Structure formats: C-alpha cells, structure tokens
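What follows is a pair of complexes built around subunit A, which joins subunit B in one and subunit C in the other.
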Partner chain A sequence: MDTRKKEITTLVVCGLLAGAVAVVLAIGGNPKNMAICVACFIRDIAGGLGLHSAAKVQYIRPEIIGIVVGALIMAIVGKEYKATAGSSPLTRFFLGFMMVIGALVFLGCPLRMVLRMAAGDLNAWIGLVGFAAGIVTGVFFLKKGFSLGRAVKVGKAEGIILPVVLVVVLVLSLTTALFKASTEGPGSMHAVVLVSTLGGLVFGAVAQKSRMCFAGGLRDTFLVRDFSGLITIGLLFGIVLVYNLVTGGFKLSMADQPIAHSQALWNILGLYVVGFAAVLLGGCPLRQLALAGSGSGDSAVTFLGMLVGAACAHNFNLASSTDGATMGGQIVTIVCIVALFAIAAVNLKKRNA
Partner chain B sequence: MIELDAKGLSCPQPLMMVNDAMAGNPGETIVVEVDTATPRDNILRLAARKKRQASVEEVDDIFRITIE
Partner chain C sequence: MRSRKIKLVVSFYTTADAFAFEAACKQVGVSGRLGTVPRQMSAGCGMAWYAEPESRDRIVAMCTEQHLEYEDMAEIER
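So, the complex of A and B:
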C-alpha cells in the first residue's frame, strides 16, 4: 500500500510540474494553445534546419532538446538509463513519420490536443474521439498479438547520440546564423531561450519519471483498467484550464480557435492516425522523446521519422492550415490509415518469438 | 510455475503477457523477466491490483519478477 501511495504522490507531483511548465511557457510567449507541442515543435526544428521552407514555422525549439536531455538526466539519476535498439527500426521510422503527419493534419500532437481542450477548443474535443478510436484499433491488434519484436541491449553510447546531437544543434542555433528562424507566424512566437530550455528539461524529467504518455494513459485504461497514466494528464489539463479561465484565454467554440481548423472529419482522422501509430509504437510523440532520452535507439529513430515526416508535411503541403486540411493532407491521411492497418496486420503473432 | 520472457518488448506487451498468464492460470506462480523499469513497475502494479504477492530481483540488468 505504501508503494502505491508513493507512486501516486510521484504522479501528482509530476502532473503539477507539467502543468506549471505549460503555464510558464504560455506566459513566456509560445503560440496560443501551444505552450508545448511535440509535433509542432519538431516541425519548427525541421524548418529551422532548412528541411522545409515554410517560412512561418522555422525555429530551433529548445523545449524539444530540453525534453530529451531532461529525460536522459532523470533516467541516469533514477538508474533507469539503458541503451537498447533493434525492434523493427525502419518500421518505427515510418510509424513516426505517419504519426507526425496525422498530428499536423489535426494541428497538434496529443499533448497539444489536451492544451487545446483546456482552452475550450471544441475541435480538439472532437479530435479526441478519433484519437481514442485510433488507440482502440491499436489495442485490437495488440490483443491479436501485434509486436515489432524485441529490442536488445546495445553499447551505452548508442543512446547518447541523439541527446548530444540535439544539444549541438541548440548551441549552434544560439551562437551562429546557420539555422532559420521565422520572423512572423507561430515560429516567431516563443519564450526566451533560457525559459524554453529549462521548461523542456523539467518537462522531460517529469515525463520520464511519470512515464507520461497520452496514448498509454488511455490504452492502459481500455486494456487493463489501469487509470494511473491519466493522473498526470488530468492535472496538466486542470492547471491549464484554470490558467485559461483566469486569464480569459478560455473560449468554448469550434470557430476562430488559434492555430486550429474546424473540419471535424479531418480532426478526427488526423488524430486517429496518431492514436493508432502511437499504440503500435508503444507511446505517443512525447513518450518517444522520453524513451529516446532513456536510451532507446528505436525511439531515437522514431524521432528522426517524425522530423522527416514534419519536413515532408510542409514540403508537400500536407499540413493543415486554419482554413482546414489540404487535398494532399486528406489523401495522405487515408494512405496512412491503410498503411497502419497493413503494418499492424503483417506484424501479428510474433509476441512469443 | 509459468516462466515468461518479456525482455525488449515495447509497452504494453510485457503487461499483456502477464495479464493473459494470470487469467489463464489462476493462482499459479508466474515468473517474468523484463529489462527496463517501466514494464517492471506496470507488472508490479497489475499484481497489486489483482491482490497477488510480487517480488523483484535484479541480476545483470534484468528484472526477474515473481508473482505468487
């Protein structure tokens, strides 16, 4: 019983810290209802690196780097760092690729979905239906025996590469003019670097410690009636909701929500892709960053898939705008759904292999 | 006694293996090996919810969980 109490206390503290970071980043100047969004910020980094040329969404977001490094530090401190790799890396690359495209059709990862829900954005509440349906579909295949196979222990350095590369990118972004930075649009809205970096570090540490996962929270509720994962998410939602109510940021509507569109079908299907892909991967975009920081080479590859996917989403006009989903975005969302079913089907019955 | 090897598997597969083994073999001792902390904690939480005694020993970076 004591262990359980300790566990719940940890989850509560982590949820409160996550909510506090989101509020600080919102006050600090990050885009509306986007205090912290893994998909959007990876997309901004892709733009900053020049991997896409959408001028309004280019910025090396210190939050993403902070999350990975914060998770790494927490994993080392908690003696949970372990370098592993080898569980269908290329499949994971493309699952990450599709997961970010789904997120950019909706306009946000599951974390931003929760932030948007806490601001009264009904499009996000509608999108939640698709996210949950994607998770249920993934759970169906898990029950049928879906597995991407085993990861094995690898040299410790394997798990350090991504955090080191990200830190180098951050340092270069601060000391050189190598990278692009938006002068208008969402990419130009950001908290000062120190606040963003510290916010990311705390968020990453909290995500690692609490295993915060927006897909896992719902998945384990459906699968084994384990509600633990919803505690941190619920607190994050609650704190941001209170912040929005107090500051007048709460507006219950579908229309005119910041950096959002109100095409219900594509909000649902975009997040369906995210939920389905996240369950096949074993975690949402945020969780992939925390796992990458904890030494998972497979999650580091998933991150690269998200980075390339985000670049493609803007190079090929797949990402939605406030006007709604593009024709290309609609076609690729359907293609992603078909591809996810195919990946799920061909990886069945390997669990005991 | 049922022995399960859940090393290297992504969440929630280790948890599902144990859950299935518990459901299929009521009361039987289950020994499961995992190699990361998250499935270890998830399995311990599952055992506690099912009111089963569970213990962990760590040998060479492998967690060996015994559920009685």
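So, the complex of A and C:
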C-alpha cells in the first residue's frame, strides 16, 4: 500500500473510532448532543475544581483527562512524543481563554458543533458560518505572516507534567470528596467512569494519530485545497447522524434543542471567536489537548487558559443559557474579536523574501 | 488512477516560515506547491513545500542566501 493510501486508511479508521466513542458516551449517559464536548467538559472540570460556583456544571470529566493521556500514549508508541515550549505562552494562554469564552457563548466547541449538526440542530449549522468565517480571517493573517514564534525543545519531563497532574486529579476525584460534583443539570449527567475514561483514551489516541482538528480541517481546505482533514470529521458526523436517526434523537429545528439557544448572531459570533483563535493557535480545543499530550508545553498553557476562561465564563455570567447569550457574554464576545485582531496584527512577521 | 511519484518535501517550524519559503521559491523560480506536512514526516499539522527531488541543491542554496529556516527535508512518495 502506498503512503497516501495508508494515510487515508488511517484517517478512515480514526474517524470510525471517534464516531463510535461519541455514540458510546451518548448511550452511556453524557448530556444530549454533548457526548464529548471539549469546552463543556473543561468547564465542568473547572467547576469540579471549585474555580466557579455554577452548581449544575461541576464534574471532573474523565474524558478530558483520557484524551490528553491517550494522545500521550499514542505519541510515545508512535515515537512522536516531543517536549517543546516557548512559542508565546502568555499569548496562547489568552487565546485559549478567548476560545473557550466564544465556545460557551455558542454553547459548545467545534466538536460539539458537529455533534449538534448531526442531531439536526440548525443553530449549529448557523454557527458553522461563524466558525468558517473565523478560520478564513485567521488564514488571512497567516498568509500575511502571522506567527507566534517557534517552539523549542525542552526537557522531556516538561511535556509530562500536564498529563500527570490530570491523572492525579482524576484519581483524587475517585478516591476522595475533595472536588465538587453536580447533583442536577448537565454536570450530573455522565457515563460511568470506566466508560468515560476508556472513551477519552481512545478519542485522544485517535486525535493524535489522525491529527484531528476541526479548525485545521477547514484551514487546510481554504489554504492548500487539502480535504483529507475533513475525512475523520465527516465520518464522526455520519456515524452520530445515523445514531440519532435510528434512536429518534434527530430533530431538525432551531427551537428546543438540548443545551442550545437560537440567537443566530451570537451563535455565529461565538464560533467566529473560536475559529479565529483556533487558527492563530494552530488548532481547535481538541487539537490543543492532543498536542498537550504529545509534549507541547504551549498547548498545555493553552489548556490552562481554557480552564481559567471557562471558570470566568461562569463566574461573570458570560456563558449562554438556553435563553440565549447574556449581556456580559455579548460584550466580552465583541471584546474578544477586537483582541484577536490586535493579537493577529501585532504578531505579523516581516518576510525575508 | 494518479501515479505516485517521489517528492522532495520541506517542513517548517511555523506556518509563517512556510509562506516566506513559498514567496522565496516564486521569486527565484523554484517550482513546487504548499501542502499539509505528510504524516510520516511530522506529527504536527503544519505546512510543507512539495518540490521535485532534483530541486534540492537550488532549495538549499536559496535557504542559505535568504536566511530561510526549515525543519526537515526528505524524499517521500506522494
């Protein structure tokens, strides 16, 4: 088999596995149309750690920890583990912060956007317009010379810190009462820990192996007409769509979708922030987790930015509810868009050629 | 079915380096195209330059003259 065929086969297998994990987690009890939403689950972890006090969204989600550790294992097995850091860490922290704010205004990361699209949620299809527009804006700045600078090799242990800390948090959450856990609302809905952890591990391994990235797939389509990044996403969408059709979970509408709102403008602008920030960061929230597991200290810092951003989103009432975007959320979304343009503009590098 | 050929693939540390490289290639007339970096070359998701293997010497000379950075250069079947 030639290398290109091998790559495509790998992407197809990874897409099928990712779809299967999403379905298993949905059957297992995770919130409807959420299954394995990175932004929502980081928000739940922030709540579990007591970083915010929204009682309905607090739970140490094993899926997130599993994704990082699964990516680490796959990176080590594939001899691709490389500890690096030093590419504008503070800028990445705030890009991660803004990316999760945008996601929580929309009510989901790009992964959940796809899961919602596969359930017939037209708000997610509308949000896709904003996500794509954010990516196009990011690509414009990439072509103009945007760069956060080069990451350099660091000691191997540097890349292990985040996975180890997350595993310790998971173990503590299972063996002590240190952390908070919702008794009602989305945070109380979850698959059993073993299923969640295994699902996360498989998803992380698949994400690392396939370089699955919701922003990267579209970015490469716009930049170099390479559609291969859309294979895994397309299969994930297809499998969840079939599951929803078979189980009666598919409902084509804007109104009354689970954990969603139907304010088109804020769905678009929320995901615009996510798409734009993701291109500047070099990957969507899921990709940041996979990169953090593969040894990227910069992505680990981005994760911390997302964690703090998720906490702030609930502490300051920025996250949307099923009623729609809050006033604070609307203001901060606009502030994020202005900040993203500023970050993109000040990081344009002069070309040698 | 499209036949597979050996390509010289140049990978970069940053996307900005890839676009600077593309601009330089256009300036000095090195043919090729930008694409995603092949899986067997890097776990990253950046850009790579695909050129004919016989361009290697010209590319190395161009990078030296114009102080262009690249991460890796390898011949890969595409």
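By definition in this document, the second predicted complex is superposed on the first by the 348 of 353 C-alpha atoms of A that agree within 3 Å, B and C clash if a C-alpha of one lies under 4 Å from a C-alpha of the other, contacts with A are read in each partner's own complex, and residues count from 1 in each chain.
As a working rule, contacts are C-beta pairs under 8 Å (C-beta built on N, C-alpha and C of every residue); 3 or more make two chains touch, one makes a residue touch a chain.
Since this is a predicted model, take the numbers as computed values, not measurements.
S.K.: Following superposition onto subunit A, is the placement of subunit B relative to subunit C best described as a clash or a fit?
M.R.: clash
S.K.: Touch test for A:7: subunit B only (first), subunit C only (second), both, or neither?
M.R.: Both: A:7 reaches subunit B and subunit C.
S.K.: Scan A:78 for contacts with subunit B and subunit C and give back first, second, both or neither.
M.R.: It touches subunit B and subunit C both.
S.K.: Quick check for you: in the superposed arrangement, does A:349 touch first (subunit B), second (subunit C), both or neither?
M.R.: It touches subunit C, and subunit B stays clear.
S.K.: Who does A:256 touch here: subunit B (first), subunit C (second), both, or neither?
M.R.: In the superposition, A:256 touches no partner, neither subunit B nor subunit C.
S.K.: Output check: A:281 vs subunit B and subunit C. Expected answer is one of first, second, both, neither. What do you get?
M.R.: So A:281 only meets subunit B here.
S.K.: Once chain A of both complexes is superposed, is A:224 in touch with subunit B (first), subunit C (second), both, or neither?
M.R.: Touch status of A:224: both partners.
S.K.: Classify the contacts of A:142 with the two partner chains as first (subunit B alone), second (subunit C alone), both, or neither.
M.R.: both
S.K.: I'd like to know which partner A:150 touches here: subunit B for first, subunit C for second, both or neither.
M.R.: A:150 sits against subunit B and subunit C alike.
S.K.: Which partner does A:211 contact after superposing on A: first (subunit B), second (subunit C), both, neither?
M.R.: In the superposition, A:211 touches subunit B and subunit C alike.
S.K.: Which residues form the common part of the subunit A surface touched by subunit B and by subunit C?
M.R.: 3-4, 7, 78, 80, 82, 142-143, 147-151, 211, 216, 220, 223-224, 226, 228, 282-283, 294, 351
S.K.: In their complex, what parts of subunit B are in touch with subunit A?
M.R.: Contact set of subunit B toward subunit A: 7-13, 15-17, 19, 35-38, 41-42, 44-46, 48-49, 61.
S.K.: Mind pulling up the subunit A residues that touch subunit C in the complex?
M.R.: 2-4, 7, 10, 75, 78, 80, 82, 142-143, 145-151, 208, 211, 213, 216, 220, 223-224, 226, 228-229, 282-283, 287, 294, 349, 351-353
S.K.: Of all residues in subunit C, which touch subunit A in the complex?
M.R.: 4, 13-17, 19-21, 23-24, 27, 33-36, 38-40, 43-47, 66-69, 76-78
S.K.: With touch defined as at the start, can you tell me which subunit A residues reach subunit B in the complex?
M.R.: Per the touch definition, subunit A meets subunit B at residues 3-4, 7, 78, 80, 82, 84, 86-87, 142-143, 147-153, 211, 216, 219-220, 223-226, 228, 281-283, 294, 351.
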